[in-house]
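Single-structure report; data block below.
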Amino acid sequence: MSTVQVARSTRASRIFTPLALVVLLALATLPYWGGPGDMRLVAEMAYYLALAMLWNLLAGYAGLVSVGQQAYVGLGAYAFFYLTGSVGMHVYPAMALAGPIAGLISIPVAFAVFRLRGHYFAIGTWVVAESFALGASLIEELGAGSGMSLTPKIVRQVASSRSDRETVEYWMSLGICVIVFAVVYLILRSRNGLALTAIRDSEPASSSLGVNVFRTKLFIYVATAACTGLVGSLIFLQKLRLSPEAGFSINDWTVVVIFMVVVGGIGTIEGPIIGMLIYIILRELLADFGSFYLILMGAIAVLIMLKAPGGVWGLISHRYGLQLFPVGRRLILDKTPK
Amino acid sequence: MSLLATHQLSAFYGDFQALFGIDLTVEEGETVAIIGANGAGKTTCLRAVAGALTTEPNMIEFDGKPIGHRTPHDMVRVGIAMVPEGRRLFPSLTVEENLLLGAHSGRPGPWTLERVYGLFPVLKDLHHLPAPALSGGQQQMCAVGRALMSNPRLLLCDELSLGLAPVIIQDIYTCLEAITDEGTTVVLVEQDINRALDASSRFYCFQEGRIALTAPTDGFDRDKITAAYFGL
Amino acid sequence: MPTLLQLDQVSKSYGALQAADQLVLSVEEGEALAVIGPNGAGKSTMFNLITGDVRASSGTVRFKGDDITALPAHARARLGMGRSYQIPHPFANMTVYENLLVGAIFGGHQTERESYESCAEVLKITGLVDKANVPARTLTLLQRKRLELARALATRPNLLLLDEIAGGLTEHECAELVKTIKAIHAQGTTIIWIEHIVHALLSVASRLVVMNFGRMIAEGDPHAVMNDAQVREVYMGIPAS
Amino acid sequence: MEWLNVLIQGSLLGGLYALFAIGLSLSFGIMRLVNIAHGDLIVLCAYVALIVVQGTGLDPVSSLIIVLPVMFVAGYLLQRGLLNFTLEGGLLPPLLVTFGISVIIQNALLLGFGAYTHRLQQGAIETQSLVLPGDIAIGVYPVIIFAVAVLSIAGLQLLFFKTKIGRAFRAASDDADTAELMGINKRHLFALAMAIAMIFTALAAVLFAIRTNFDPASGPTRLILAFEAVIIGGLGSMWGTLIGGMILGIAQAVGAALSPTWQILAGHLAFLVILIILPSGLFPRTRD
């Protein structure tokens, strides 16, 4: 009988987890009580949240500040369109392959961009993404500059009626968001997550304790790319049309995502959720003023970075000591009362 | 009135407190040594006086005025110059440019390029070389010369002997004497205790961010300090 | 006793600066070796060359008989080297226990569950039990130094390299630390210890190395070395008379 | 002869890229500030020039009399009032704050001017060309841009190596904290550096806007081109930036000669290849 134990939950998390499940359940039943507009909005929130969690894992935990994650959104989408359209594969296996394909391509990319440090890394990833976009616009098989569309035949594989299709795609968005959340959360709670947090705090000390820094970062980069590719295939299944500019858009798939993470709180699990909500609320409230919400978002990001680098969640958790998704561990020795 | 006085000087690096209520005074024209083990707070104290760490205005008084809140470049303007630990010359500047940079604030006074070259003739011969091409001892001379170019009333020297051969250290301390003879006040941080005590008239021994011992140098039993310092 | 660590003509230069110059050193299993020298003498550089934080410009490093000169730091840690840094590098946003866990899992080849007991043991030895669940960023300098030691111990090293972990300790704390290190040594861990507090060193070490300008200038029985005129001059600035 | 033509056209194009890059290289080199908004600042300068041209009836080049001082002051205020506060605390703050500024500028221009493309008209000089032996036609205007780039860099070299403020820039670039201990006011110096960077940014902007159409979304592409020139060249010297720009221009010209659609991609690929082989560029800073 061991006298030493380790606890991984907190009181807040034990209260919050059932609450989160209830919200999720409510969202899952949305098709039965909400309109198509609500579904579209929540689906968008779901895939943006997935992208935000992935970028947060990459930049906030692994210290890989990439501004080129749109590369994998585009690659996943192109893989999906090519497999369904040109190869004739069914929608679901094609979608299942889109992620691994993006992940596979990210491996040689990683070996190139990992030679770059800090700012150079950020710019390097951007140039890689631009190169993919330009490359896509040169390849005839991918529709060159004008891009590709999903044919009605392919779309009907999801469901034959439009409303059924929207429902299925809504559930897919929700499902993929939950999957990405689970992947990120499990990685962070695993030994890789432990290594990652250690690397973020001190690379030399991590190495001196036996952590393989390069391999850990590579693992995160590739895992993130694969999940991003999967999300990309889902996004463009809903959009039905894919072009190089749309698929590899830095503004849509990276800038907005970075803002969500930074405003919410980089390097926390809760941050991307809050940041995504703030972004969507701002956008919906200011919908009548064109792109004004983006100016406001930019200003908020600047302000947050200067005044509260921990983001909104940083402010909350600092004040109330909350942790809703604990990745930490508490050692309980028999002699030490908790 | 003392030229420099600190009043309950405390300093922090983030959450970590490095100095706890230091009270020291330095009279005009004096040479004072600060000695102590690694991590005792000697360098921190110098950096605080040089303005590189934020402190309360009243914690540091120079020439009767509170200056604890000032920025480093302001400190140079009022007459405090620093020879930083490890020399910290600007590698992409030549020797002469390094010296001229010391005069950036434009403080008037006796020290000019010619006088610094007079003090360290070897620098004149090497004036066009980039700073990293110099030997350790020459770099240290250049760092001292650079600080002098701002015509300081108070010169802060951090570990002048660091990584230098004994005969070179001797040379540099001989030059330091020439500088103090001009009336420049000097605060020395050294781990070479004997060197520090030879050059100073008073010393402060730091321990864990506090002053453990202070006394005039003359007639003080050095073996006692050595014993206290090393625990031999 | 078999040789655990061997440096053969190991040098490291940064441009014109020779940080380590033809180091030759052999450490037996179970030995306790002390290293002293002025600031900037190359002591930490020697540690970095041993642990792989810095790669040698020339020469070979052998550990347990194998040439490890080309191995990266994490691979050397997994072979059984643990080190502390002179300037503590805590994982500031992790708890003290999690700091140890990194060492136990990656350097010590344990599963998380296996490591519970040994981490708890290390916390006890190093006096950090009360701090087990606080973030490392809240520790004082002293506690950070203990954490450096604790984390290195968590990897269950054969060779423990300590870089100035006693600096700034009071007399009493220093005595406690010496006791701890003696106990670790008694369990068979080989130790190399850099420190300025000579009496602490001498109560543990059976051999002393003095460094200056990247070179080893003396080596041997601690008391004999400390009475060496050159060492007294270089280290304490006491002129040879 | 066709390839010689490609080489010349590419090199001349590189002059424009080097001009784009000067401001970025200054802020990167002196204060380690990666300015993601640099491309949008170029576009902003072009719009300021457009307003001046429309408001005063001056031709674009003459409008610089007003645009340059305005942007000088704007650069000083931007650095002193905002960017200086991002310089402590690692990679993220400068990156994200300038990202924020980039988005603000882009969308403010979009709200103010719409998504239409604009161009500044300088007149006949835009279309004049010289014919060299071998039937190589060189546009007069690209030659002027290249000359401006060379003169700009030469002027900056003079500033850096012959003046007191230049010496201070180089010292701060080596080690800003020690420079402060030597009496240099870092915040003022950095603000001056950004002000000077904005002068060259405005110069590049007007020359670019006479040559090419611009719209509120033109910034990011200019940013990438500028970055590529800086990074290929390395941070060791300003001339490196010019060479970086020329390499980029030549790579693009070669790509365009193969197929017009390859122009930009060829530049990116050249950049990536050079970066993988030489991560610190052709002329790296000796110490960083």
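Here the chain labels run A, B, C and D in written order, and each chain numbers its own residues starting at 1.
What we mean here is this: a contact is a pair of C-beta atoms (placed from the backbone, for glycine too) under 8 Å apart; a residue touches a chain by one contact, two chains touch by 3 or more.
Small disclaimer: the values here were computed from a predicted structure and weren't measured.
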Between subunit C and subunit D, the fewest steps along chains that touch one another: 2
Maximum centroid distance from subunit D, chain identifier (CA atoms): C
B-D or A-D - the one linked by more C-beta pairs in contact: A-D
Inter-chain centre distance, subunit A versus subunit B - centres from mean C-alpha coordinates, in Å: 53
For subunit A paired with subunit D, centre-to-centre distance based on mean C-alpha positions, whole Å: 33
Whole-Å separation of chain centres (CA-atom averages), subunit B against subunit D: 43
Where subunit A and subunit C are represented by their mean Cα positions, the distance between them in whole Å: 42
Touching two or more other chains - residue numbers and ranges from subunit B: 132
Topology of the chain contact graph, where touching chains are joined (line, ring, star, complete, other): ring
Listing of all chain pairs that touch each other, if any do: A-C, A-D, B-C, B-D
Subunit A - residues contacting subunit D, complex: 59, 65, 67, 112, 115-120, 122-124, 126-128, 130-131, 134-135, 137-138, 145, 250, 255, 258-259, 262, 266, 290-292, 294-295, 297-299, 301-302, 305-306, 309
Subunit A contact footprint on subunit C (complex, rising order): 51-53, 72-75, 77-78, 82-83, 85, 89-95, 97-99, 101-103, 105-108, 112, 116-117, 119-120, 123, 129-130, 132-133, 151-152, 154-155
Subunit A residues within the subunit C interface of the complex: 2, 4-6, 191, 194-195, 197-198, 200-202, 204-213, 328-331, 333, 335-336
Residues of subunit D defined as touching subunit A within the complex: 28, 34, 36, 82, 85-86, 89, 91-93, 95-97, 99-104, 106-108, 110-111, 220, 224, 227-228, 231, 261-262, 264-265, 268-269, 271-272, 275-276, 279
Residue ranges of subunit C touching subunit B (in the complex, touch as defined): 15-16, 38-41, 137-138, 140-141, 164, 167-168, 170-171, 196-200, 213, 226, 233-234, 236-239
